[in-house]
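I have a structure here, written as structure tokens, and I will follow up with some questions on it.
Think of it as A, B, C and D in the order they're written, each chain with its own count starting at 1.
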Amino acid sequence: MNSFGRIFRVHIFGESHGDCVGVLLDGVPAGIKIDQKELRAVLEKRKAGLPGTTKRMEKDIPNIRTGLFKDKTTGAPILISFDNKSKNSRPYEELKDTPRPGHADFSSWIKYFGFNDYRGAGHASGRITLGLVCAGWIAKKIVKGIRIESQFFAGGDIKKAIKEKDSVGGIVECRISKMPAGFGEPFFDSIESLLSHALFSIPGVKGVEFGAGFEGALMTGSQYNDAILDLSGKTRTNNAGGVNGGISNGNDILFRIALRPAASIGIEQETIDLKTGKMKKIKIKGDHDACYGLRVPVIVNAVCSIVLADLMLSRKALCVQAH
Amino acid sequence: MNSFGRIFRVHIFGESHGDCVGVLLDGVPAGIKIDQKELRAVLEKRKAGLPGTTKRMEKDIPNIRTGLFKDKTTGAPILISFDNKSKNSRPYEELKDTPRPGHADFSSWIKYFGFNDYRGAGHASGRITLGLVCAGWIAKKIVKGIRIESQFFAGGDIKKAIKEKDSVGGIVECRISKMPAGFGEPFFDSIESLLSHALFSIPGVKGVEFGAGFEGALMTGSQYNDAILDLSGKTRTNNAGGVNGGISNGNDILFRIALRPAASIGIEQETIDLKTGKMKKIKIKGDHDACYGLRVPVIVNAVCSIVLADLMLSRKALCVQAH
Amino acid sequence: MNSFGRIFRVHIFGESHGDCVGVLLDGVPAGIKIDQKELRAVLEKRKAGLPGTTKRMEKDIPNIRTGLFKDKTTGAPILISFDNKSKNSRPYEELKDTPRPGHADFSSWIKYFGFNDYRGAGHASGRITLGLVCAGWIAKKIVKGIRIESQFFAGGDIKKAIKEKDSVGGIVECRISKMPAGFGEPFFDSIESLLSHALFSIPGVKGVEFGAGFEGALMTGSQYNDAILDLSGKTRTNNAGGVNGGISNGNDILFRIALRPAASIGIEQETIDLKTGKMKKIKIKGDHDACYGLRVPVIVNAVCSIVLADLMLSRKALCVQAH
Amino acid sequence: MNSFGRIFRVHIFGESHGDCVGVLLDGVPAGIKIDQKELRAVLEKRKAGLPGTTKRMEKDIPNIRTGLFKDKTTGAPILISFDNKSKNSRPYEELKDTPRPGHADFSSWIKYFGFNDYRGAGHASGRITLGLVCAGWIAKKIVKGIRIESQFFAGGDIKKAIKEKDSVGGIVECRISKMPAGFGEPFFDSIESLLSHALFSIPGVKGVEFGAGFEGALMTGSQYNDAILDLSGKTRTNNAGGVNGGISNGNDILFRIALRPAASIGIEQETIDLKTGKMKKIKIKGDHDACYGLRVPVIVNAVCSIVLADLMLSRKALCVQAH
């Protein structure tokens, strides 16, 4: 469904070419100071306009509509929405019977029995991540001592892809530092489980690995095990990526995600015509991201904040001073 | 927490050296035929005893204690437990102040303020996966038309690791075939999100990738996109691993997981003494799996069944004939 | 929290004197036809303007902002909001340090550490029920064969209360007919549990009883038990109110709720001054409902639809044809 | 379903005439001291054997099977089960095609498509409340400063009912004192919503009212409103039953529940024969409670502890010191 979290709850809504997209937050502690200018600065990082990203310049103006009073959170749900303005649905009408390869067009058509809003991928649009960024921005205030940094590495030559109307994917590496030990709620809600759950929601993510990850599968135990150096839990190496048994161990949390190349390309592709049942060649018009990965780090940071904020609230709830 | 699923609900419990481990299932449709012999055969596949796995031969006898009547499910919760028999806690008492590198000993000690059951990793033991296998066995009856196959590839030389008291990790590849399109509940409950959530609960899993995964991050969009061939959604290639926009697209679901080498090795390691705060060398005694990965495919299959059963029940609930 | 339901999910938001109030719906099957005029007609029933209700005439115009396409639900979340227009916050500023007796002013002040929006009861305002009515309207389309009727009986003389600037409470009786047997998910999610959970969310509800209710506590078993007459489950009497063991039995579901008189009255009352810690007399100005109970039946009907829709989706999910 | 709570989670299982009944608890803080003798003393209060309760003397011996170590909670799930010993299923086989009036026999038969365990009401048995009592016992340790007292008032003449093989119902009044203000999570998770949700799960409960309850519906606002006397929130009267806007206001929480008379009576009753579709007269044999209400106060207290423990953990999570 469109909800995530146990205490700090994130509810996502909207479509690319409908009225708006946004997020509803619940379980936000009262009394958190909110500076809307700060949010705009964060959103700026996600924006199109970089070389390799679409030139379609959305004016992403957040409307914080509920849950604030005198510039502080009230403890009531916070609704943040973004009106959709620069939308042109015409190209999507042309493509509505020819699902674009690599997109959710076909799978959504089956899932929603043909009732899905197919314009610009509808609810499956990358534009939905605007709400994630807002949620992460507020979540970060709950875990403000923790530092989260992500970096994108392109999987190919961006300038070449632009020229050839093709696209490239890449890797995002994330490091969470100043991370307290003891976060994570095994058996099922290990910190890796929750992070991967949220990360795989980001459109285009096809792999997640922690610490040494897939390379670690080739190591021996004596190479892999991280020797513990002191009572803070600091280890000599960090092959575990800061997580043992699903619980943070006090070291930096390290993970990498694989981003597939953007599905929208300007090159001719083969697909099926839903009306005739026959194969057809299509070409997708308009501006698209040759490398949307450039916009992903800010989203990954937001996802980390969301997961960690919820885990911090759980940890506060269950700490031993309760009794 | 220890629960997973929205409708088909799995609740895990138990410790390695306590009374028992097991699982409580809720949201199981009434009237499913249960053959307990069949369960024993499934559990056999998970068992120790293979070369490279521990010689400690647990007699894993499942007790189905509630929720059955006349060999059929009743719709009430199903409790399945396994008594712990061959347990020797002494080695763990010796190690209780020296957290074993690579294990959850240190992170659990912090998380549970020193109150965790540290014997044999306690609730973090791989033995907990017995309950997962049982849950998967019942879940499979809900998605009986779907075929799930997993295969393990060792990441090193097992016989060498045994000799050197070291351990090896590896890769598990899974293919889910005869998979209907339309499974997955975006935005947050994409099929990749739910599978990875559950897979990262399995002790030792440190990476998950779907389809072309991390290699796909190096491809261009024109190489990666899977051309759609017919109205069933069949594609020429399957780089997406059977999932677009978080929803199954009718092709096989393909994923790979990275397993770290087992943390328990017989070689001397460095850690901290929790009492003195000084570093100390330890050696872990007893029999351990040099390559527990051999036992993981049956667990991965179970996890897939659990996720797919829950998604199938959701799909049934929300299908269009409702109105 | 502000969410209700397992599959059909209702998320409530907003404040009386903020930007807007409304509801976010998730888990709505795709393909349901939506006629916005119909919604306005339903909302009309909840509106102020009846004798005994406030003269403050809100223009309650629903904005369905997401989740619809070509006048049908898409399966994506549905956001419905109402802009707040006729709001005058001044009287609340005057009262902000003197919590109004009978209102949530004091308890919210404690709960939210003084950060709650106190204007017009903020998030605790009866205005929040607008979102419930919208949710119920869509839910009703999922359970369209079921008939839900509620009636209000005033607990005192309304015209006298208006004259004396006092208020009256009352009883709402509800009958759910054409009700299928088999709804309800014991142990915890009995149909009575879910209905009462949602009913006690309606501001002012202080009691809920099913069938013979509190009078039934004075009967003997031989008087109370409802003889079963045929295979449809029809019973001679209906003391159980259509529910046995938390599951609908095929008879009409009958319940009554107790509504306390409105807390806002124009008569002088005693309270505490939060700044001085001393008692103080206050008089609440402005127009208020002498008998808001007149507006409650439509809300009760909505709540029933919400609960029944979710139970129907659960029932579809778990019906025996699954396997 | 069979689960309740957001952080402190209670999962109920078992059948009257199966192997066992019990409870699985999750989200229990680590480090709580557990004295099993204490639990036996609490269970004693629920036991049969009082005049008016069944003479069937179950030896209700709790087995705490997981989640404890060195007599303290570990933070892992706690499994408590009770073996069923003194069970005689024969009378139920005789009655299996003639659903007993007032029982869940018919509604369960429909709901579970005939697959339910009908012996002794199966999963719908009052015996299931054993697990509730255990859960409440542990929950109470989380809210140990709060005092919870319940009292039963019979709705008729018990000795007469015993003689006539009939049954009586009654009222349970509960007072929760030393209750902190600020508990309750509106909009949906008001303290009244959560208490009533859990209370209506107790077999036989058909009404719940808070404070003045149904009588309050006949009062005017000026009579009903509770004047606030000091900064602790203490009020002159307590018509609201200690709750305003779904949040505890610092006064005692007061509520009353209506218990229907026990469904099992030794007097001839009419029902339907599920095989022939014709009406039939039945007489229920064996010992039954003429007044099970005598055993309910301890269950009501447990339910209050469960709800309050979960709300206290939520309150700890969301308190303002977080940031």
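Everything below uses one rule, namely that a contact is a pair of C-beta atoms (placed from the backbone, for glycine too) under 8 Å apart; a residue touches a chain by one contact, two chains touch by 3 or more.
A quick note: this is a predicted structure, and the numbers were derived from the prediction, not measured.
Shared contact partners of subunit B and subunit D, listed by label: A, C.
Comparing chain pairs A-D and C-D by the number of C-beta pairs in contact, the larger count belongs to C-D. Summary of the copy comparison: rotating subunit A onto subunit B for the best CA superposition needs 180 degrees, to the nearest 5. Averaged C-alpha coordinates give centres for subunit C and subunit D that are 25 Å from one another. Subunit A and subunit C, compared by their mean Cα positions, are separated by 36 Å.
Subunit A and subunit D have CA centres that are 43 Å apart. Contacts with at least two other chains are made by residues 1-3, 6, 12, 27, 30-31, 75, 111, 113, 115, 123, 319-320 of subunit D. Per the touch definition, subunit B reaches subunit A in the complex via residues 1-4, 6, 10, 12, 99, 101-108, 110-111, 113, 115, 121, 123-124, 128, 155-156, 161, 166-171, 181-190, 192-194, 196-198, 200-201, 203, 205-214, 216-231, 233, 235-236, 239-241, 243-250, 258-265, 267, 269-272, 274, 277, 279, 315, 319-320.
On the side of subunit C, the complex with subunit B involves touching residues 6-7, 27, 29-32, 75, 141-142, 144, 312-314, 316-320, 322-323.
Across the complex, subunit D is touched by residues 1-3, 9, 11-15, 18-22, 24, 26-27, 30-31, 63, 65-69, 72-79, 81, 111-113, 115-117, 122-123 of subunit B.
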